[in-house]
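Structure in structure tokens, see below.
Labels for the chains are A, B, C and D, by order of writing; each one numbers its residues from 1.
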Amino acid sequence: MSTQRTTGRRKQAVAAAAVVAALLSTAACGGGDDNDGGGSKSGAAGFDAANNKVAQASAAKKGGTLKFAAAQDADSWDTTRGYYGFMWNFSRYYSRQLVTNATEPGAKGAAVTPDLAEKTAEISDDGKTYKYTLRDGVTWEDGKPITSKDVKYGIERAWAQDVLSGGPIYLQQVLDPKKEYKGPYKDKSADKLGLKAIETPDDKTIVFKLPEANSDFEEMLALTSASPVRQDKDTKSKYGLKPFSSGPYKFQSYTPNKSLILVRNTEWKQASDPVRKAYPDKITVNFFTNANDMDQRLINGDYDLDLGQTGLSPQGRTNALKQHKENLDNPVSGYIRYAVFPQSVKPFDNEHCRKAVIYGADHESLQTARGGPVAGGDIGTNMLPPSVPGSEGQKYDPYESATTNKNGNVAKAKEELKACGKPNGFKTTIAVRNNKPVEVATAESLQASLKKVGITVDIDQFDGAQTTGIIGSPSNVKKKGYGIIIMGWGPDFPSVQGYGLPLWSGDYILESGNNNFALIKDKTIDGLFKDYTKELDDAKKAEISKEINHKVMEGGYYLPFVFEKFINWRSSRLANVYTSDGYSGQYDFVNLGLKK
Amino acid sequence: MTELSKSGAAVGEPVKGSPAPSAFLEVRDLKVHFPTDDGLVKSVDGLTFSLEKGKTLGIVGESGSGKSVTSLGIMGLHTAGQYGKRKAQISGEIWLDGTELLSADPDHVRKLRGREMAMIFQDPLSALHPYYTIGQQIVEAYRIHHKVDKKVARRRAIEMLDRVGIPQPDKRVDSYPHEFSGGMRQRAMIAMSLVNNPELLIADEPTTALDVTVQAQILDLIRDLQKEFGSAVIVITHDLGVVAELSDDILVMYGGRCIERGPAEKVFYEPKHPYTWGLLGSMPRLDRDQTERLIPVKGSPPSLINLPTGCAFNPRCAYADVPKDNVTRTVRPELSEVGSQHWAACHMTQEQRERIWTEEIAPKL
Amino acid sequence: MTAPLHEPTAEAAPSAAEEAALVAGSGEAKAVQGRSLGRIAWERLKRDKLALAGGVVVLVLILVAVFAPLIASLVGQDPETHHEDLIDPLFSTPTGSFGGISGDHLFGVEPVSGRDIFARIVYGARISLLVGFLSALVAVVLGTILGVLAGFFGGWVDAAVSRVMDGLLAFPQLLFIIALVSVMPNEMLGLTGTGVRLFVMILVIGFFGWPYVGRVVRGQTLSLREREYVEAARSLGAGRFYILFKELLPNLVAPIIVYTTMMIPTNILTEAALSFLGVGVKPPTASWGQMLSAAIDYYDSDPMYMVIPGVAIFITVLSFNLFGDGVRDALDPKGSR
Amino acid sequence: MARGTAAGPRAVLAYLIRRLFAAAVMLVIIILVVFGIFFLVPRWAGVDPATMFVGKQADPAAIEAVRQKLGLADPIFAQVWEFFKGLFVGRTYSGGGDVTKCAAPCFGYSFRSEQAIWPVLTDRFPVTLALALGAAVLWLLFGVAAGVLSALKRGSLWDRGAMIVALGGVSLPIYFTGLLSLAIFSYGLGWIDAQYVPLEESFTGWFGGMILPWVTLAFLYAAMYARITRATMLEVLGEDYIRTARAKGLTEPVVIGKHAMRSTMTPILTMLGMDLGALIGGAILTETTFSLPGLGQAVLKAISDKDLPVILGVTLITSLAVIIANLLVDLLYAVIDPRVRLS
């Protein structure tokens, strides 16, 4: 590179420092909610203008083509099978639910609001009965009305895991914990609506009867997996290739890993839908294999935003921060990136050895590995995501990871090692997904800092495609001796249940597809979860969440890296842009508009 | 050939500006040198001879004696295929039918090639293009020099094939070289080289690649054709037998020089140079008892980069010490007349040669 | 025809230039000074400046690879220590200009981790050369054995081997290598982590490489087998294996050497490609290909990080190729450069 | 040597049949190998492929069901048999009351994207083919020309220069040159919008999108071909029949252009066949770098997803391509070189 480049780079270095300062300040005073955040009407709204607040709402006009760029296709576009965050977000274009996330920025976006239903549920006092009435004029893409039976059928599909695997199964667990219903495809009854727990007295009314109360039930109904599906349009395993639309847009064409095009569903009526604004006429998704290429095209303005909503890759991030800061937002994703210690692998059965790792780790180094304070997130100090009620953020820092020990505390680590009976440290293996470079980087960082306290680790990159089979199988973890597993987790819906239940509940230790990697079997924690599901008062729910979080942290099962943040791109064409906690800090796709 | 004797005696000194010779082909003080990484290879180093129409000259010598290079030099092909290598240096004069080729325009020489002078190569298999039929190749050779259409040329090709004794020429004309036997191939080669009735025909080891029976036929063929076309022929070979049959004159080359020259029968029956004796001795002859061992020439050919001082042959010569005071190793012998129209380059005196020939060599032959 | 004098054989009818060369005593001619093929080759090679340069670089690289730890420690660096202090927290690129090149960090430091690039390049040479050489070795050994067998015994042996070779050449190789390496278990034969990957890569790359050698060797064997001196040896009643080893193998040395030198750079590139696709050696082990693939995320913000491993691969492969060409020309009887 | 061309159509036909049979055997072997790689090796590694198709909260029942549906429980040979049956008579996947028909030629059915493989292949093959062919044209033009030139000017500055550049080309990883070209010509100078546009949408767009991949790929191969051409040409120029051609009095252009070129092209043809075949299976790096929706890209994705049916399909198609390419070359060879005997 030429000499000009050098001087250029020096300037940048200086600039960089300034930018950090600027960024951090803006981020700090974020969350304010003026309904038409900064920026000129024509140009980009400005840095963080759409983070937890709406940017350029009034600039949104009807029409135009909204262009998504994607580095990865959805696991499935079938409402029953999709589990990727962006899929849930995107699915609102072509599917509606009884209730859905409010189309509001930030925390408000996590609240449940009526969609197909006229209003939110009438809940019986025991919290076991939920009743909804469908609003008038809700139709499928062929103009036929959406009935309560369609909703029931759509929900029932989740029972057919053998055909429609992949999606969340909360409803199944709550409505039919004993798995008595075999799913619609094996349903003997004529109308295939054999699920006892749901009743549809008429086409407009639907009643859910829970064997056990669950305070998050309505949150579960707000998930995409509770969308209606019409029996005569159910193509079973191939439904994801062309879902039958109940929303403002319908599939025009879709070639997996290549392109997806949505066009207006002319049968959809604005009047029948309090949630969706449906600004653009057409929505396209193009898939890339070269992430840098994709970012470059976003920055060039060929596309409007990233479907994956995972943030720009390092190269694009740098370019954007230097030249197009006003097109960026820096939201909190609601994900926590962490290392977890399976108790089945010695010496991690001993909590002191676990804590030795927590103290030995250089948290700042881990943060840098994740991408630094801006692109990576704030140093993680506990396991409850900021978006979940009851979270205290960095205020709760049992191991002082963000303060005194942020570069690791060798002395304390050694103490813990002594207490653990391994004064000279020990050997173990870090398991990390091979398709996540950033996670590999954190593994390397951890490896480097643990060396200092005498803990030597071998990094084992396992096939990211086989997560459920490799680290999801406790026996395999034990066999391989994965003492440290690097993972990340975000809430399916913002509650300690939607986030922590699979991770921390003893009942969720599975032989395969396990997510309770630490193998936590703690009476108190399990008890707290029980209380939580029965508790209907939000304040108390938050309190319980807090307690669970503390219990988990005190056990030293987890080493949080960061409360994840990412640098997200929005093109200057976009209007009515805002991030939503309902979709872990992603832009709320369904109401994006384009300027003319 | 008297004046030739003079120039022959004056081997080494360039004879520039001398008038166009009467002879059909006259080569004067020809030098062909190849610069290589190992040094300057003097493949031909001052060769002089001449040849009349209708006559045949046999050039004999081991590989590396410079005989092939000589012929290529005459054809103007000594630099062929030497891409990027240091170019061969050629000097002297080559007069063909009154034109000096070395100083002539290369394109003019090219036009002469194939029409005025043609060449038969040693290994017909590798010398014929494997991908073209015999016919195509002969036709091509003909049409370069004659503006005629394919049909005519093809008829000519068949006629030539017939002439050189290839059965069913009208069929074989469309065969590929690899479909021919060795002898047939060589016949085809000859047909190709004679298709333009060249005045000079150079046959470079025409029979080496062939088995003995076929050799004879080919030689006969060449002889007949020469009679018919009346062209001058140079036969290059290592086999005295071959030249003995064919040629009027014989020129023996060693280390890029001529060491004996004279009428065929002279050189063959009364050779004067020990090297020629060696060649004779190593030659199988029908009139000799087969049980008798041959007398090979000991040792290997000299390096053309630095020839042995004195007589180039001295390291391998059994009689190197016959002449007095080590002259063979110090002084290079020049050609001297050793009989009528018979020259040899050897330090031994007539008497010494006579004695050794009659007493030691002749009986063994 | 008797050959008491040194006659040109039919298949070696020399062109003017060649005849000159022959007499000059080079190539496989029965040289006047009777110099050995090896010596001639060496003398030719000595004249080929480019090839020599290539050879020298190769030699240096080998030394570097062998003494990697020493060299790294000389500059007081090791490939695995992190230097986050040198990383810009916002862009996670090195703070210094030119990718943080400085007195301590001759080639600068990696983005994110701040590991010393010089040290990693030096250690990376080990991986590249190891894979390059060993897989070439595997290929050559397999190729030679099978090629000779096929060419010499002909018949069904030849048929079988040739089929297999065609087959392997018809395989979409890179695809297979990726697939195979990506599903390989993490422990096998007592090896773990990088060990396994290296082992697998070497075997697989070598395995897919042998048909190329095999073809050449087979061809050579076939032609040599027809050369009359083998015939002669046979008529003298020499055993087939005697012929095989005494006559053929020496003549195969040249092509084999050439092919080896030609194959090594290709293998190095393949290793790089595999690491680039994420199925190469495992972190924190340094590999050029891996660095390059990581660097692609910083091609603009930290170009040096991409340039350095890129150039390293380039120089290595280039010098191997130059050297290889030189060796080929030197061993080629026709060539005279 | 037998009379090659004179052997007549029947010999050629017999030869073809023999070769195609051999090809079929080859493909069977390849299929077995792929099955081996993706079913047996993971078994050693103790991983159950079925787990890859269930979600974040997989319940064992689901895993078992998926295993049934994918037939992962069956012995490998049963699976291979099923696969072959699918190729010729099609097959049906059924499980949990869901039935999926996959008509012949059924190259299998992806359980990730829920697609039949055959359409995917037919959809992506043209892209890869276009990439390979386009690049081939370029590299033949430039590589061969450069090679011949430097052969004729052997040892000259041009020769040295060209060969160094060629060596350089051979020595650079494609994803390196690819990325550089993208950074410079597309992002930097903005001359070319290196984005793939389907041919049916717009020719110019398609062409623009293909230029960089073509050039980058061609650069690598042109380098190789230049080197080979040079070497072969030099060899041929040393042949006796070239000397003969000169002895006939042919002009230099004819000697080189006709006699020498014809022999030089044969080995190059062989290489071209193999390279084209290999490229169709091996353009992985190029397609990834330029986000071209070709086979290589698909298979790379499939490998990372362990989407066996796709991998099988692509491998099969590409191997087939290689075999056909080689077959064509051999036939062509027989046409060019009369000595070649078809057997």
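Convention: contacts are C-beta pairs under 8 Å (C-beta built on N, C-alpha and C of every residue); 3 or more make two chains touch, one makes a residue touch a chain.
Every value quoted in this text rests on a predicted model; they were computed, and no experiment measured them.
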Practice problem: Compute the centre of every chain as the mean of its C-alpha atoms, then state which one is farthest from the centre of subunit D. | Solution: B
Self-check item: Pair joined by more contacting C-beta pairs (A-D or B-D)
Solution: A-D
Practice problem: State, to the nearest whole Å, the distance from the C-alpha centre of subunit B to the C-alpha centre of subunit C. | Solution: 48
Exercise. Starting from the mean Cα coordinates of subunit A and subunit D, work out the distance between those two points in Å.
Key: 40
Quiz item: When the centre of a chain is set as the mean of its C-alpha atoms, what distance in Å lies between subunit A and subunit B?
Solution: 92
Quiz prompt | Separation of subunit B from subunit D, taking each centre as the mean of its C-alpha atoms, in whole Å | solution = 54
Quiz item: Which residue numbers or ranges of subunit C touch two or more of the other chains?
Solution: 13, 15, 17, 182-183, 186, 296, 299-300, 337
Practice problem: Could you list which residues of subunit A touch at least two other chains? | Solution: 292, 435, 463
Quiz item: Listing for subunit B: what residues touch at least two other chains?
Solution: 77, 80-81, 84-85, 121, 123, 126
Exercise. Going by the contact rule at the top, pick out the subunit A residues touching subunit C in the complex.
Key: 1, 5-6, 9-10, 13, 16, 19-20, 23, 291-292, 313-315, 317-319, 321, 362, 364-365, 368-369, 371-375, 434-435, 437, 440-441, 443-445, 447-449, 458-463, 480
Practice problem: Spell out the part of subunit D that touches subunit C in their complex, as residue ranges. | Solution: 22, 26, 29-30, 33-34, 37-38, 41-42, 44-46, 155, 160, 163-164, 167-168, 170-173, 175-176, 179, 183, 187, 234-235, 238, 240, 243, 274, 277-278, 280-282, 284-285, 288, 296, 299-300, 303-304, 306, 311, 314-315, 318-319, 322-323, 326
Exercise. Spell out the part of subunit C that touches subunit D in their complex, as residue ranges.
Key: 13, 15, 17-18, 50, 163, 166-167, 169-176, 178-180, 182-186, 188, 265, 269, 272-273, 276-277, 289, 292-293, 296, 299-300, 306, 310, 313-314, 317-318, 321-322, 325, 334-335, 337
Quiz prompt | Residues on subunit D engaged by subunit A in the complex (per definition of touch) | solution = 42, 46-66, 68-69, 95-98, 100, 112-115, 123, 179, 182, 186-187, 195, 287-291, 293, 297-298, 300-301, 304-306
Quiz prompt | Touching residues (chain side subunit D, partner subunit B) in the complex | solution = 1, 3, 5-6, 151-156, 159, 234, 237-251, 259, 262-263, 336-339
